[in-house]
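There are two complexes below, and they share chain A, which is joined by chain B in the first and by chain C in the second.
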Partner chain A sequence: MKRFTREAVLLLIAVPILLWTLLPIYHIFLFSISSKDSAFSGTLWPDQPTLRNFGTIFRQEHFYLHHFWSQIWNSLWIAVAVGVITLAIATCAAFAISRLKVRGGRAVMNLALFTYFIPAAFLAIPMYKAMGMYGLLNSRWSLVLAMVTLAAPYAIWVLKQASDKLPIELDEAAKIDGATPLQLFRLVYLPLMTPSLIAIGTYALLLAWNEYLYAYLLLSHEQTIPLAVALGHFIAADDSPWELLMATGLVYALPPAAIYYAFRRYMVSGLTAGAVKA
Partner chain B sequence: MSSIAIPHVPAAPPRRGLTTWQAWGAILIAPYVLVFLAFVLYPVSYGLWLARHPESYVQLFADPIFIRTVVNTVFFLLIAVNLKFLLALWLSGFFVHERTWIRWLSVVFLLPWAVPSIPTIFSIRFMFNPEWGVINSVIFRLTGLDGPNWLNDPHIGLGLAMLTHIWKSLPFWTLILIAGRLSIPREQYEAAAVDGASAWQKFKYVTWPSLRTLYLTSTILSMIWSLGDFNSVYLLTGGGPADLTHVLATLGIRYIRLDQVDLAMATIVCAMPLVLPLVYYMMKHLSK
Partner chain C sequence: MASVVFDSIFKSFGSTKVLHGISLDISDGEFMVLVGPSGCGKSTLLRMLAGLEDITGGTIAIDGRVVNDLDSKDRDIAMVFQSYALYPHMTVRENMGFSLRLRKESVRRIAEGVDRAAKILNLGPYLDRYPRELSGGQRQRVAMGRAIVRDPKVFLFDEPLSNLDAKLRVAMRSEIKALHQRLKTTTVYVTHDQVEAMTMADRIAVMNEGRIEQLGEPLELYDRPANLFVAQFIGSPAMNVFEGIFRKDAVEALGVRWPATVKAAEGQSVTYGIRPEHLSFGAQGIPAQIEVVEPMGAETEVLVRIGGQSFTVMTHGRASYGPGERVMVSPQAAHAHLFDISSGRRL
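Moving on, here comes the complex of A and B:
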């Protein structure tokens, strides 16, 4: 009887959690499959569900969607570039700090941590000004470099924690065998670090794909903006087509959700390990 | 600028300190150092230099929405972050129960964190639209009365921005606290059970002492980041109605958009007394 009550209580807690989590997401889905008329009727399920919104999007048949394909390409290009560059920079830095014990490594780690603690919207303002001075505004590279700057500190920190755990004997054995630092890096370090590298690459990629504020500040031409900024434009007008906005939002949200769930195992352990140590 | 990145390599000819290992270390760390110099140190220094004029601060305090913004920000940090952490603490206790269906629920529960902000926050914005939103439609159908004005009311608007913030970041922090709870040795609970401890006593004498440090550092970190939460406010209310729901993050960006970079930087400088003690605490704690 006691066990039964316990299960009932657990289920009773689960219902509001599920509702709270899914309501805004279900609402996106609901709008995506509604026609313009039924979207505004405030029902919980459309009278005639339709996939026509997606057709409109993919054929770029609305004023707000004329550059849909080039914008989703921009999002992809930027996300992949940020993932690759962050991974390269952070892996090298973590290797230098943790395994090669480079002088000043600790100071660099602290600078990185400090960057990690600057609220993102605050750094955006000087960053915007600096990108203007570098002549990078409205180039996709400005967003890529900005996102690398934001993603790298956490990446270095997590990778350093992970590589501190590798036994020091490995390096010593490699040194005795006459390995160069590059051979140690390529043949010993990278293979052992693969799980953390997957987690960090995915983290940087998702961070860049999902970013709104920096993209909105740094890019403004219809041709160069990623999908996130294009979605923001919808809201400018009072008569914006909500059903198209929500359908586009669904298309935009699916890839990161899918990637996240595909790599969930790596992500959760990789990203929380450092935090718990703290 | 690359010459500044070199200090890790002494300029002197190879002595016993500068081995190939140290040289490679310097080469491998250089890309990050360059990124830091070009996109953090230089912009921030230049920004602070732009914020040096006292007139900027006079102008800032003369802006009628500034004080309101500071008050909003403080409320946002105190209420939203603490509410979020109490919920996360409680939910982490729920999610550590070993049931298959709870594991599936936790997978769903992480969705708000995994998907991008912009579609979900717009979705919440539409739900709360006073005229066409689903919330007021349901209220009207059930009671025959018009629902509240939601986002057109500054207090409710800011409250909903806090709820949006909680909705978005609660999963992440719950995950952190779950990891914290799972690292507590099981024997401690078994020993407590043998002593006949109640659920509350187990929490008070076993869970909380182990979780306290993680809870505090997480709360502080979340406060720092929440200061930079632009999306929850901007995408939901746009700072309106009548610029009454701004927080410092959205106000700074608003000045940028009005091409008043000096004021934008002054806004950030005004937030420093809030940020720096928290950052100092975190740095001290993490670089141990």
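Moving on, here comes the complex of A and C:
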């Protein structure tokens, strides 16, 4: 009886939350399969559902979509670069601080924690200025570097906590077995950290994929902007093509959903690994 | 195979001194057990030998070569950890061959080494399993296998049996001892369990607070403990001890006279120690009251009360006494130990 009550309460909480979450997604879906005329009809299902919007997108047949493929490629390129570079930096940092116990490791961790106190938006203008000085404005690298800067502290923090959970005896055993620090890193540390690495890599990748503010500031050329910024351009017009905006949005939302679905096992275990220090 | 020499070893962690000048010679092929309570420094000493801790002072030599500044991998040692420390992402075969792989040995040489060790430890059927698919005892055998494969000069064991259940511990104890008899590799074994120390060692170093209290063969430590600490640490159940005053071939304590063949100065305050098996029940002796009877099959452990203090008496066979009964206990004077009350040293 107690279990029944508990499950009933959970359901009562979960169902509204689920509806609340799914409703906008359904709304986007509804728009994307509607024609321009029926998009605002207010029905729960369009009279004549159509996939024409997607055709328009993929063939780049609209003024706002002339660079669709290069923009989604930009998004992908930037997201993957941010994921890989963040992972490389954070893994090396976590290994050095947690396993090799380098001097100053604690200070680095405290500084990483300190960056949480500064909102990303606060740094946007200084970052713009810095990228301008380096001559990187309008280059995809500017956004990559900015996003790595924002993602790395959290990544280092989580990976360091996860590293701390690996028994130190493994390092000692490897040391006695004759492993150099680099071999220890490659043959013992990396394989054991895989779940956390996948989680953090995905986190950084999705962070960059979803970024709007920095992308909007640092990149302004039609050819260099990621799709997220291009989507923003849709609503600049008086007569916005909402059905195309929603359909493009849906396409843009699919890769992260797929990635998250593929790695969901690691996302939960990997991100909570650093949450509690055992 | 090799000898190991610790010469005046000091160790501090910050301002905390944990080892105070340990000197110990371990001869070629010897099975040396370092035993002592938690925090006595035994593991630290072993880890210094392994190259996992810096040496604050003194020298450690393996096979006549000072190894203070050598990396672990260059010391030609192998270590078995309490937690096994098997690489979870590698199979038993990969775990055991890891050191050879790092040495860039040929695939054939690695396979030979692993097969030889697997044969010695009966690990053949498990070579392709992962550590998580093995029981505690099997994991510990793999850890030993990993050590054997390297064919090192010295084996180091850091409380290897502490994570196993009681029955398995006894079985693994014999296995490690048999392994040593077969390979005859110099072994340094750390444990807090004095039974392990007694049953396995060629010689035991009893450690306490960063010092070696006594070094000797197991029975020598048991029969002639150098001080009160060793007397109480070695032996299970522990030696019965109490304080008294020596007068005319006996110690007056707890309102009775306890005979002893050892001499002390007349009127000297001493600690009297007698092992449980050297107390027996009889028609004459010291009056006592039975508190608890613990039959163990071949032997019976009886807890008695004499003059307000509890004593353990170990008798062969079965006891016909019950709790509350009054009995006579007689100590064997020849087996009584006397210790100086202030220094704790044996008289």
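Some notes on this structure:
One rule holds in what follows: the second predicted complex is superposed on the first by the 255 of 278 C-alpha atoms of A that agree within 3 Å, B and C clash if a C-alpha of one lies under 4 Å from a C-alpha of the other, contacts with A are read in each partner's own complex, and residues count from 1 in each chain.
To be clear about the criterion, contacts are C-beta pairs under 8 Å (C-beta built on N, C-alpha and C of every residue); 3 or more make two chains touch, one makes a residue touch a chain.
Fair warning: this is a prediction, and the values are worked out from it, not measured in the lab.
For the composite obtained by overlaying on chain A, chain B and chain C can both be accommodated side by side without a clash.
Shared-chain residue A:177: touches chain C; no touch with chain B.
In the superposed pair of complexes, A:223 makes contact with neither chain B nor chain C. After overlaying the two complexes on the shared chain, residue contacts for A:96 are found with chain B alone; chain C is out of touch.
Using C-alpha centres, the superposed arrangement gives chain A a vertex angle toward chain B and chain C of 90 degrees, stated as a multiple of 10.
In the superposition on chain A, A:152 makes contact with chain B only, not with chain C. More residues of chain A are in touch with B than with the other of chain B and chain C. Superposed on chain A, the gap between chain B and chain C at their nearest CA atoms measures out to 10 angstrom in whole units.
Contact residues of chain B toward chain A in the complex are 7-8, 17, 20-22, 24-26, 28-29, 31-33, 35-36, 38-40, 42-44, 46-47, 50, 91, 94, 97, 99, 101-102, 105, 107-112, 114-120, 122-127, 132-134, 136-138, 141, 167, 171, 175-176, 179-180, 183, 214, 217-218, 221, 224-231, 234-235, 238, 249-250, 252-253, 256, 261, 264-265, 268, 271, 275, 278-279, 282-283, 285-287.
Every residue of chain A that touches chain B in the complex is listed here, in rising order: 10, 13-14, 17-18, 20-25, 27-28, 31, 40-44, 88-90, 92-93, 95-97, 100-106, 108-115, 117-130, 133-134, 145-146, 148-149, 152, 156, 180-182, 185, 206, 209-210, 212-213, 217, 228, 231-232, 234-235, 242, 245-246, 248-250, 252-253, 256-257, 260-261, 264, 268, 272-273, 275-276, 278.
Interface residues of chain C, counted against chain A in their complex, comprise 50-52, 71-73, 77-79, 81, 83, 85-89, 98-99, 102-103, 146, 150. Interface residues of chain A, counted against chain C in their complex, comprise 167, 169-170, 172-179, 183, 187-188, 191-192.
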